[in-house]
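As C-alpha cells, here come the structures.
In the two assemblies presented below, subunit A is common to both, partnered first by subunit B and then by subunit C.
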Partner chain A sequence: MTINILAFGIAKEIVGGTSTSADLPSHTTVAQLRRRLEEQYPRLGKLASYMIAVNNEYAATDSLINEQDEVAIIPPVSGG
Partner chain B sequence: MVNDIRYSCQVALPGFGTEAQARLNAARVLVVGAGGLGCPAAQYLTAVGVGTIGIADYDVISISNLHRQILYTPAEAGQKKVTVACKKLQQQNPQIQLVAHDVKITSANVMELVGQYDIVLDATDNFETRYLLNDACVLQHKPVVYGAIYQYEGQVAVWNVPYKDTYSPNYRDVFPDANAAQIPNCAEGGVLPTLAGIIGCMQANEVVKYITGTGELVSGKMLLFDALTMQIRVVKIGDVTRTNITEIAATVDACTISAQELKAGLDDNKYTLVDVREISEREAYHIGGLHIPLSKIEHEEFQLPVDKDIVFYCASGRRSAVAATLLSGKVDAKLFSLSGGLKGWRQ
Partner chain C sequence: MVDILITGKPIDTQACINMASSPHSGGIDVFIGTVRAATKGKEVVRLEFEAYRPMAVSEIKKITAQMLQKWPLHHIIIHHRTGILKVGDIAVVIVVSAAHRDAAFDACRYAINTLKQTVPIWKKEVFLDGEEWVAAHP
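So, the complex of A and B:
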C-alpha cells in the first residue's frame, strides 16, 4: 500500500516538501514506519523525538497503519 | 479593585461575568520569555486584568527582534527586555502587579520561580527551558500553556491539567527529548512575525480560559497552525499522561564570553574562533576563524587546535552554546560560546 505522509516543521526540510509517500506492506506498525522513514531520511533519526500522528491522533509505536490513513510527521519546535 | 468600566466588554460575555473577572484579578501568571510569543501574550494578559504577571527574561532588545517583539522600539535596543516590557505593561494597565524576573532559568532556580505562580506561559525560544518549565510544573501540579513557532508554523497546547485523579499529558508525552543541534530557532530558520502574534494570543486565550473556567482547553491534544494555508489541525494526544517525572534534570551551562571581551582578547591573539553556522550563513558574513557547522561538531567530524582557548560563534549564541556544551570535557582547551552571537557582535 502507498501511504501519503504529511510533514511539519523541520520535517518539511528533511523530506524536501510538505508531504512524502511510502510504499509499505499491509499491517505495518508505527514503529516499522519510523524505522523505514529514518532509513530513508537519516536526519529524522537525529531529532531525538518526533510525533507520528495517524488521522489526527497521536500514534503509539504498536498501532497499525491502514491504506486510507492520513499520517503526519510532527517534530518538536523550539522558536519563540 | 476591579475597574468595572475597563473590563465591562469581557464581563458582558455569556459564561464570563464578574466572578470570572474576580478570578483573573486574583490570578498569578508567569510568562517565560519576553520575545515573539511573550510580548503579545503578556499584553493581552495585562489588558484582560490578570492580577499578578511575572515576566522572566535575561536577554536584551536587538534590532532584529523588533519585527515580531512588538513591545519594543529601536531606541530601546540594548536595554533589558524584562525591564522595558514590565514598564510598558504597567502603563497599559496600572491596576495590576508586574514582577520582573531578570534571570536565566536553570535547574537551580526553576522550582522556586514556578512555585510563586498558578500557571506558566511557556514563550521561550529553546528546548532546555521548555523541558525545565514542563518538569517543574509537573512536579508542582501546575499547568503550562505551551507555544512554539518555526517559520510559518506554530504549536499550542496546555500541559498537565488535572484530569480525574491524574493529569493530562505534558510536553514529554509528545516529545520525550529534543536534539537542539538539529532544530533551528527563529534567528536561524526565520519566522513570520504575525505568526508569533497569533500563537502568543492563542496562549493568552488558553490562560484566560483556564483561570476563568471558560470553554474547553487544548489539553490532551496539540494544536498546529499553518500561517501559509491558515489551516488548523488539532492532534489528539490522549486523556492522561504516561510520563513519570520525578526530578528536575540538572542543566549544564556553556561558558559564555561577551562580544566586548572577545574583541579585546582577539587583539591579544588569545582565542581560536570557530564559526558553527551553515556555509550559506558564513558566506554572507563572518568574523574569521575556523568553520565547523554544528552538525559536524555533533558527530565529532573535526579537528580543533588546542593551543588557545576556543570561542564558538553563531547567529544568536544558541548553536555556539550547544557546541560548547557538547564538547565540554572532550577537548583539551577552554571552551566559550559568544554570548548574543554575531547579532551582539555587530551592535
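So, the complex of A and C:
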C-alpha cells in the first residue's frame, strides 16, 4: 500500500515538502514506518524526538497503519 | 463555554476576555504569550508559527477537558496565532474564568504548560544570521 505522510515544522524541511509517500506492506506498524522514514531521511533520526500521528492522534509504536489513514510526522512541538 | 481558535489573524485579547466573563466569575486569569526580542542572547527578527490545525484543535480540546475535570471553571478561551510574527506580537491568549482566583490561576498555568508539551504547533526563530526550529534538536 502507498501511504501519504504529512510533514510539519523541521520535518517539512527534511522531507523537502509538506508531504511524502511510502510504499509499505499492509499491516505495517508505526515502528516499521519510523524505520523506513529514517532510512530514507537520516536527519529525522537526529531530531531530539519525533512522533507519528495517525488520524490526528499520537500513535503508539505498535499501532497498525491502514491505507486510508491520515499519517503525519510530528517533530518536537514548540507552540505557545 | 470552551472556545478554541487557531488563526492566521491577530488575536483579539479583549474579545477573549469578554467571552470568559460572566456575573458569577469572580476571577478571570489571562495569559498572553508574546514574541520575545532575543533567545540565548541572539536577536530575533521574527517568528514563524505553523500548526497541524485539526490535530492542534483536538489536542487543545483534550487540555480543556482535563482542566474542567480538575478545577471548577466557568469558561476557557484558547486562541493561538500562526504565520509570521514580529517582536511584541501576541502568539497565544489563554483566558480562564472561575468563581475564585485560585482555580483560574492554576488552570491557566496548566493550560499553557500542557499546550507547550502536546499541541502540534511549531515555531521557527529567525535571527539576523540564521534560523532555527525551536526544540527540534537536542
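Throughout what follows, the second predicted complex is superposed on the first by the 76 of 80 C-alpha atoms of A that agree within 3 Å, B and C clash if a C-alpha of one lies under 4 Å from a C-alpha of the other, contacts with A are read in each partner's own complex, and residues count from 1 in each chain.
Going forward, a contact is a pair of C-beta atoms (placed from the backbone, for glycine too) under 8 Å apart; a residue touches a chain by one contact, two chains touch by 3 or more.
The structure presented is a predicted model; accordingly, all values stated were derived computationally and were not measured.
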Contacts of A:G80 with subunit B and subunit C, given as first, second, both or neither: both
When the two structures are overlaid on chain A, which partner does A:A48 contact: first (subunit B), second (subunit C), both, or neither? both
After superposition on the shared chain, which partner residues are touched by A:I10: those of subunit B (first), subunit C (second), both, or neither? both
Using the superposition described at the top, list the residues of subunit A that contact subunit B and also contact subunit C. 8-10, 46-48, 53, 56-57, 72, 74-80
Can you name the residues of subunit B that touch subunit A in the complex? 33, 35-38, 122-127, 130, 147-150, 153-155, 174-180, 182-186, 189, 191, 196, 222, 224, 233-238, 298
Can you list the residues on subunit A that touch subunit B in the complex? 8-10, 43, 46-51, 53, 56-58, 72, 74-80
Residue set of subunit C touching subunit A in the complex reads 33, 49-52, 54-56, 58, 80, 91-92, 112, 115-124, 133-138
For subunit A, which residues are in contact with subunit C within the complex? 6, 8-10, 12-13, 46-48, 53, 56-57, 72, 74-80
